[in-house]
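Each chain carries a letter (A, B, C and D) given by its place in the written order, and its residues are counted from 1.
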Amino acid sequence: MDMSVDLCGVKLKNPVMTASGTFGSGEEYSEFVDLNRLGAVVTKGVANVPWEGNPTPRVAEVYGGMLNAIGLQNPGIDLFIERDIPFLKKFDTKIIVNVCGHTTEEYVEVVEHLSDQPVDLLEINISCPNVKEGGIAFGQNPQMVEEITREIRRHAKQPVIMKLSPNVTDITEMARAAEAGGADALSMINTITGMKIDIHRRCFALANRTGGMSGPAVHPVAVRMVYQSAQAVSIPIIGMGGIMTAEDAIEMILAGATAVSVGTANFTNPRVTEEIIDGIKSYMERYRVESLKELVGAVHER
Amino acid sequence: MAEKFEELARVVRQEEIATDIYSLWIATEQIAAHAKPGQFVSLYCNEGSRLLPRPISICEIDRENGGLRLVYRIAGEGTREFSNLCAGAQVKVVGPLGNGFVLQKKRAFLIGGGIGIPPMLELAKQLDCEKQIVLGYRDRELFLEEEFEAYGDVFVATEDGSEGTKGNVLDAIRAHGLHADVIYACGPAPMLRALKEYAAENGIECWISMEERMACGIGACLACVCRSKEKDAHSNVKNKRVCKEGPVFRAEEVEF
Amino acid sequence: MDMSVDLCGVKLKNPVMTASGTFGSGEEYSEFVDLNRLGAVVTKGVANVPWEGNPTPRVAEVYGGMLNAIGLQNPGIDLFIERDIPFLKKFDTKIIVNVCGHTTEEYVEVVEHLSDQPVDLLEINISCPNVKEGGIAFGQNPQMVEEITREIRRHAKQPVIMKLSPNVTDITEMARAAEAGGADALSMINTITGMKIDIHRRCFALANRTGGMSGPAVHPVAVRMVYQSAQAVSIPIIGMGGIMTAEDAIEMILAGATAVSVGTANFTNPRVTEEIIDGIKSYMERYRVESLKELVGAVHER
Amino acid sequence: MAEKFEELARVVRQEEIATDIYSLWIATEQIAAHAKPGQFVSLYCNEGSRLLPRPISICEIDRENGGLRLVYRIAGEGTREFSNLCAGAQVKVVGPLGNGFVLQKKRAFLIGGGIGIPPMLELAKQLDCEKQIVLGYRDRELFLEEEFEAYGDVFVATEDGSEGTKGNVLDAIRAHGLHADVIYACGPAPMLRALKEYAAENGIECWISMEERMACGIGACLACVCRSKEKDAHSNVKNKRVCKEGPVFRAEEVEF
């Protein structure tokens, strides 16, 4: 039985990765999870310089999910290269670095810093709803998606995954634009913009007013967008959005995802990534699936 | 790195000790054995619509029996769920989390305000020094205050003056003319802010336990930061993680 | 204490209405709820002729919500006028008729049929994700929103509420377009397009593949869109999307909704509308709110 | 209009009567008093992530004690939740729902397939006529079949032939050379389809209980329709609501 998948020429031992921003650079969760078992660790987004992020409160719980407006706090690429990459290199897993920026130049600067680093893939966050410049502003306009993808692709030494926002009228338009710009893969969905109000204090629950919604509440939207995008482009898709269980992961794979990222579920169960890997294995055994690749996009009519 | 454990703990007993304030004893395999005063645990809901753990400070540690006492206030549906846990029930818990207090042998103020009082109890038990325990409540509905009496002199302040000194914990300190060389405190931000100022004015060492909305509880998600005076080594910006570098900070190193 | 609200000159005794499509024309729920207590009943969408709707399965449960792809099955305006309006007239509540169509002409035909009927307001569904023509196709393009609004407004005798889709990049663009076209009010959000896959049979859970997601899972998205739209337009907004409790309804009102519609919650608790009315009343008593109008849009910074 | 009730019913007892098949007795205030064979109830989950009620057919009615027996199969997390209900627990239930069977005094086939068997039990109890009860199972793990014996002649078919006639319920009817004037049936669509055909060929009246995914359960949402031969008076199209006009239909009036 073969759980491995090929992601832009990089072989993952299984399709289970971590969703950027929920797993730091793996150190904290390494107390609960054997990182060697993961298909890949996707790091928290890193910029060319340190970012302070947003004021607190930065998170709020909602029904079946959460809102976050961390604002991409990060230590900057220099400390990241000095500390986080060497930490991850100690493990037998693939390293995917999530990259953020306010401008194309800032993204490119990070990508260039990473060019000689032992990093397997780059995930470009053009879909963060919680920063004023950059982020989602790039991700809601197909021309901009294509241009920034092309520019990053031109400078990147590793395969480039463009991470798309669900806060758009037509996800396939963005998926096609990224593909046209030369993206090697897509990841989706980033969070859906939401809001929570404290009715007793009559104020916003988050200092940022709005935040990005994640968790099982968004899962059906993610499955739909992965499915639609898989029909529209030929590059691989990494599916994420509310994956809590192996069943959720398999659903995403059947919809067309080559790999999956697990995010909010880590907060509910710090060991969840390993449990999902075990669950996918059980499913493959139960249904005698020889290779995980058989499941990718295998959904059919009733 | 301090070890953390994920466990399905057994509820030993629970009682409401004041309106909406519950005292919950749980039996753990490992967490109690490793816990220190000032640390906290993450408690997880069974109800699937609530995904995030609730950080709850440790009120007492019974190392011999693996017991942990958590005293918390019902602040929403999650803590309401916990308040319905009966003896024998199981609850998922991760801990111990955070740094905890650094125990010193100096004449100390242990200051708790409201639901910041519980963590001071285990600290009072473990601190080996002269202790003046100052507890601030809203009104005469006190809780835990009798249990502190075995460990030091207890002074009470109530906002409405119905018990002890009318006013806040600093009013009680002034009313009784108390003095100390180190402050350990947990409570609402205005209280901590006043203590930070008081400590600075009087040149006293001051440790405060901070609170902030959390998601992961273990330092990965960067939700629960507080502003720091200096650049933090981990974050590389002037932010510290309450769940990891904290919840206990030197008052002068954080801004709030 | 005054729970009444003014919606385009129509006085509702309280802000609680039913979300179109979840409550039929009220007959079935009248066994559980005293319809006289409701601010208004919003009917299931009605077209110029009977529609058969989609094949089954038409619904699927998802985490904290559900998907539906009913496909706007309805008996057509003639039977509706003959049967449903007389039924609703027996109660002391306001009647809001939801109107659907494939083309502008079909919408207009229904609106004209209703012109001499004892109907208080019209809600125009330009946001159904589950029909091939009409529906959402109108609701994702601001020019089309403006044009169809203008055309309907020209023929309507009752105030016109345009019901908007959340499946757009920028809800305020659609809100402004509807206002520019002469809408008297807006309602939002219709459902968010989602998908569920049965991993054991590896097929779509719904015959229609995709369905519209509703329930508490979508509530934070609805609150955000109501808030953003309330900042962008000056016509009243009817807020809906995952309202399960009085607290959810109040949150929506604080975000800027003048009234609220309760949908999926009826399925979980057939008496929920009355419970929400009672809960809002308790909140107003607890916080000594003299008039519900004070709460509309009253959210503020922390 | 038949009255419907929303109640918090008390669980009287529950047991697993075959693999993943549970027999649940609940005590109701009103529902049992008004229920008829072939009707169903909506059972609601406590877990907040599951919002829709589960329609479950009524297996037995104990009018005197307000008891309802529900026999169901674990088909997902919702029914799994129900399977954990213990005596004394409460469960929200709405019912009775749907039309139920029309009882006639003709020589009858009562035919159940799989989890379509339970509703035939109360029907068998209430029907006052010559009854031939034909039950189709997957394999030798039968359930309820002994309970039917008091009410008529029982014939069993199993898919794997490990008990009774090998094959389906029609195979059993043919193997035993059975005849009747009316069919009451509940079971999977292929079985109902075969019975519809059999009834037409033999000119027998045939009533079938249909199943479809539901949301509201009371006729408002139009989720659970089935195609009808003629235009339905309520829908004004060729669709009937399984939860309201059904679940029991004349075989010839529905298409599936």
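What we mean here is this: a contact is a pair of C-beta atoms (placed from the backbone, for glycine too) under 8 Å apart; a residue touches a chain by one contact, two chains touch by 3 or more.
None of these values were measured; they are calculated from a predicted model.
Between the interfaces C-D and B-D, more contacting C-beta pairs are found at C-D. Here the CA centre of chain C is 35 Å from the CA centre of chain D. Per-chain CA centroids place chain A at a distance of 33 Å from chain C. Note: centroid distance chain B to chain D, computed from Cα atoms, is 56 Å. In this assembly, the C-alpha centroid of chain B lies 46 Å from the C-alpha centroid of chain C.
Within chain D, the positions touching two or more other chains are listed as 48-50. The set of chain A residues touching two or more other chains comprises 57, 63-65, 216. If each chain is drawn as a node and touching chains are joined, the picture has every node linked to every other.
Taken together, the chain B residues at the contact with chain A in this complex read 1, 3-4, 6, 44, 48-53, 78, 94, 212-226, 234-239, 244. Every residue of chain C that touches chain A in the complex is listed here, in rising order: 57, 62-65, 67, 140, 167-170, 192-197, 199, 201-204, 207, 209-210, 213, 216-221, 223-224, 227, 242, 244, 247, 250-251, 254-255, 283, 298-302.
Those residues of chain D whose C-beta lies close enough to touch chain B in the complex are 47-50. On the chain A side of its complex with chain B, the touching residues are 21-24, 28-29, 31-32, 44, 50-53, 56-61, 63-66, 68, 70, 73-76, 79, 215-216, 264, 266-271. Those residues of chain A whose C-beta lies close enough to touch chain D in the complex are 63-64, 216.
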